[in-house]
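Two complexes, one shared chain (subunit A), two partners (subunit B, subunit C).
Let's look at the complex of A and B:
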């Protein structure tokens, strides 16, 4: 493990050298909010962002992704995207979400399309400098992160600590100049940042430890909150769309103008959308809004944890911000179940 | 991060060729197919495949023939969606594309061995069950009594008409059928499938029931089977859901925590009694 200490100028030079050498995406301002987008200059990189509109999931599971191309006579052929890229500014909670998605795409059936891209990605994580208005990563245990990334950046006063962890990280860090090794003092200060972030990233406070949620849900299937909140649900799927741990998808075909060739692609889908569980012939196995609404909370709090051993909500708070009906706050929902069960 | 099997593509369908096509009812057609690789499909009764038509899409379809009958595999496809409509336009010699087989199967080599078997098939539910029936009949000595109950909505909805007659005449098979609504062509019994159950004697200690039909059928069939003295673990069901990816990723076929494409489509009833969305 190697930790470097860079001042602002050295840091900017390093980021620009990364941009010169490969495809780099980084967090940038978009009006008064933030997005991951192609980075052309270090000066556009905003590591002081609170949260991005969409999670970095879009680079591993793109909103639309070609899986196969076909020729109606010849049949299908796999299409893989394995061009290397660097992702700058992934917050700890988003890093945890990426690591969870890795597990889900590897279990039982290995998804080569996902992993070709994932293995070529170098992830530069970044400790949170400013809390977003709805973040609750602190109580989900995801305000800080200890693995999954290749490099972790922590801003302390006027300099950056660059913690290089993996082979890919070392390759990316090769162009770092004018850096010294991190001293004990700055490492101590980094620990303080982590302790502070765990406290600060709790704009909503879960009343139990996240590990308890599967047991809370065990006794909450018939709770009135599902029906009450779902009555205001537009089934718009915004909560699915912005969620870093949602990974459901639909698969569709696209034909070229010649009607011979085309592609099969996957596209994000959402379990809140009305037709999600409908089959050909018209039967919809999850017709009721409340059933769809409840399904999402059970997936995050019970079903996925049963598969990978972690609660599949990382506390980014994006669903809370995105929901027009103001019913998507997981902390409010889970606390209601917790408190009434006491 | 797992780096296993890194070149295999779980979404890549393999080419197959249509052998025989036969219209069975207004909505359903029969297809026999063979993989172009010359290999057997390698399925077990109850499993399904994802069938592709390039440019249209992919749909989950039950395999209707038994792996004991080599060379080709058979499907019956109801014309209700984009993919099935396109499949209905195929003729002998045309290409289609296959992924799979996927999912669980009826326990023909395990729990069903040595037991009396009662097959309860409602309408198109006979399609996957036929694979198990053929398997059992092809290994007839391995099982006890074989009882096949079939219910169709109307006489014109009956599938596999010639095979039904064969089962009816088979010496060591009890075959009973009914239609929900009779017409002038039908002289047999009228009534829902549960009306057939009291007509057969069930050795409750020694019987395995295999049921497949529309969602509503299960509710009533299960009650009658339990009343007849079967335990929950003696009943197997095949459930339908939107199995889009077939590999437990896309989320569409989930019943609570269960993925039908992986944990099903065949379930032991005792395993799903607590699964609220199952029935």
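Let's look at the complex of A and C:
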């Protein structure tokens, strides 16, 4: 383990050297919010961001991606995107979400398209400097993170601590200049940042430990909250689309004008959308809004935990902000189930 | 493979959706490889009653239009509504909020009672005849039109989005218009436009019409969250959302 201490100038030079050498995406301002976008200069990098509109999953599982090209006579060929890239500014909760998706996409059917990108990515995580208005990562154990990333950056006063963990991280850190090794005081201060963030990233407070959620849901299938909240649900899927742990997709085909060649692509889907569970013959397993609404909370709090042993909500709070109907706050929903069950 | 014989017909509209088809530019030659237009007022002078596919642009506003459309339906194996005027009645339905005699007087003045101006409340194409496919939008999304034509040419059911504009808007990572205190119709309007308006700094005007099962009651409830009233919402619906069935 190697931890470097860089002042602002040295940090900026290092980021610019990364940009010169490869494809780099970093957090930047977009109107009043923040997004991950291609980074052209260190001065645009906003590690002080509170949260990005979309999570970094868009680089591993793009909103739309071609899976294969086909010829109706000659068969098909898979299409892969495996150009190396660097992500700058992944918050701990998003890092946890990426690690969860890694597990889920390796399970049963290994998703080659996902992993080609994932393996070529160097992730520079960054401890949170400013809490977003709806973040509750502190309750979910995801305000800080200790693995999954290649490098972790923590800003302490006017310095950046650059914690280099992996081979890919070491390769990216080669161009760091004018850096000393982190001193004991900086490391102590970093621990304080982590302790503070665990406290500060609790804009909503879950009344139980997240591990308890599967048991709470065991007895909540018929709870009135599903129907009550679903009455205001647009079925717009915004909560799904901005969620770092939602990964469902639909697969579609399109032919070219020659009607012979074409492509098969996948696009983001969401379990709140009306036709998400529609199958051949017009049958829909979750035709009712309330069934779809309930499914999301079971997915996050029970079904995924049963698969990988972790609650599939990392407390980023994006769904709370994105839901115009204001019914998508997982903490409110789960607390209601917890409190009324007492 | 023999080409599909296609005829374009236009009723009450600006014919801008047909214009989008010419906007395919060089791709129009590819289109002509798989379809044979037999009537297309904006592009050619020929007329014909022999066609497989009828593409209907515009809304129905007169008795004689209604009869013409019914005759077209009889001739066509497949009937496609093209653009908001045809699919939902579009802006032509604004007049349905008024008395027809007032509308006639306001628009045509002293000619209001001429027989060929005998306008009645606007109908979308599917309010008159069975409509097999709809190409939504004002104007249409030419990529979607192309996809539908190619799908039909290979005998495949085209998949038209039945989810709100929010889906495509989120994929574009736009800042939600509601965060700016605006009313956006995105949550109840059918996607397929690639969220063009919100991606260019405007709210969704609703030109593609409501999704199949819009939560209009939610839309009403939610207004209060943003310090808006039901009238504010209905005001936004005036352009494209008049008398739409849901």
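The rule is simple: the second predicted complex is superposed on the first by the 342 of 342 C-alpha atoms of A that agree within 3 Å, B and C clash if a C-alpha of one lies under 4 Å from a C-alpha of the other, contacts with A are read in each partner's own complex, and residues count from 1 in each chain.
By our rule, a residue touches a chain if its C-beta (ideal position, glycine included) is under 8 Å from a C-beta of that chain, and two chains touch if they have at least 3 such contacts.
Keep in mind the model is a prediction, meaning the values are calculated, not measured.
In the superposition on chain A, no contact is made by A:180 with either subunit B or subunit C.
Number of subunit A residues touched is higher for B, counting subunit B against subunit C. Of the two partner chains placed by superposition, only subunit B is touched by A:221; subunit C is not. Legend: residue contacts after superposition of the two complexes on their common chain; A:339 is shown touching neither subunit B nor subunit C. Of the two partner chains, subunit C is the only one that A:237 touches; subunit B does not reach it.
In the superposition on chain A, A:67 makes contact with subunit B only, not with subunit C. When the two complexes are overlaid on their common chain A, residue A:281 makes contact with subunit B while staying clear of subunit C.
In the superposed pair of complexes, A:259 makes contact with subunit B and with subunit C alike. By the touch criterion defined above, A:81 reaches neither subunit B nor subunit C.
In the superposition on chain A, contact of A:7 is made with neither subunit B nor subunit C. On subunit A, the patch touched by subunit B and the patch touched by subunit C overlap at residues 252-253, 255, 259. On the side of subunit A, the complex with subunit C involves touching residues 30-33, 35, 53-54, 58, 63-64, 231-238, 241-242, 252-259, 267-268, 270, 273-275, 289, 322, 324-326.
Residues 1, 27, 30-31, 33-34, 146-147, 150-151, 153-154, 156, 159, 162-164, 166-167, 170-171, 173-176, 178-180, 186-188, 211-215, 217-219, 221-222, 225 of subunit C are the ones touching subunit A in the complex. Across the complex, subunit A is touched by residues 1-13, 15, 52, 54-59, 78, 80-84, 95, 97, 215, 240-242, 244-245, 247-252, 254-257, 262, 276-277 of subunit B.
By the touch criterion stated above, subunit A contacts subunit B in their complex at residues 67-68, 70-73, 75-78, 102, 104-113, 115-116, 118-119, 221, 247-253, 255, 259, 262, 264, 266, 269, 271, 276-283, 285-286, 291, 295, 298-299, 302-303, 306.
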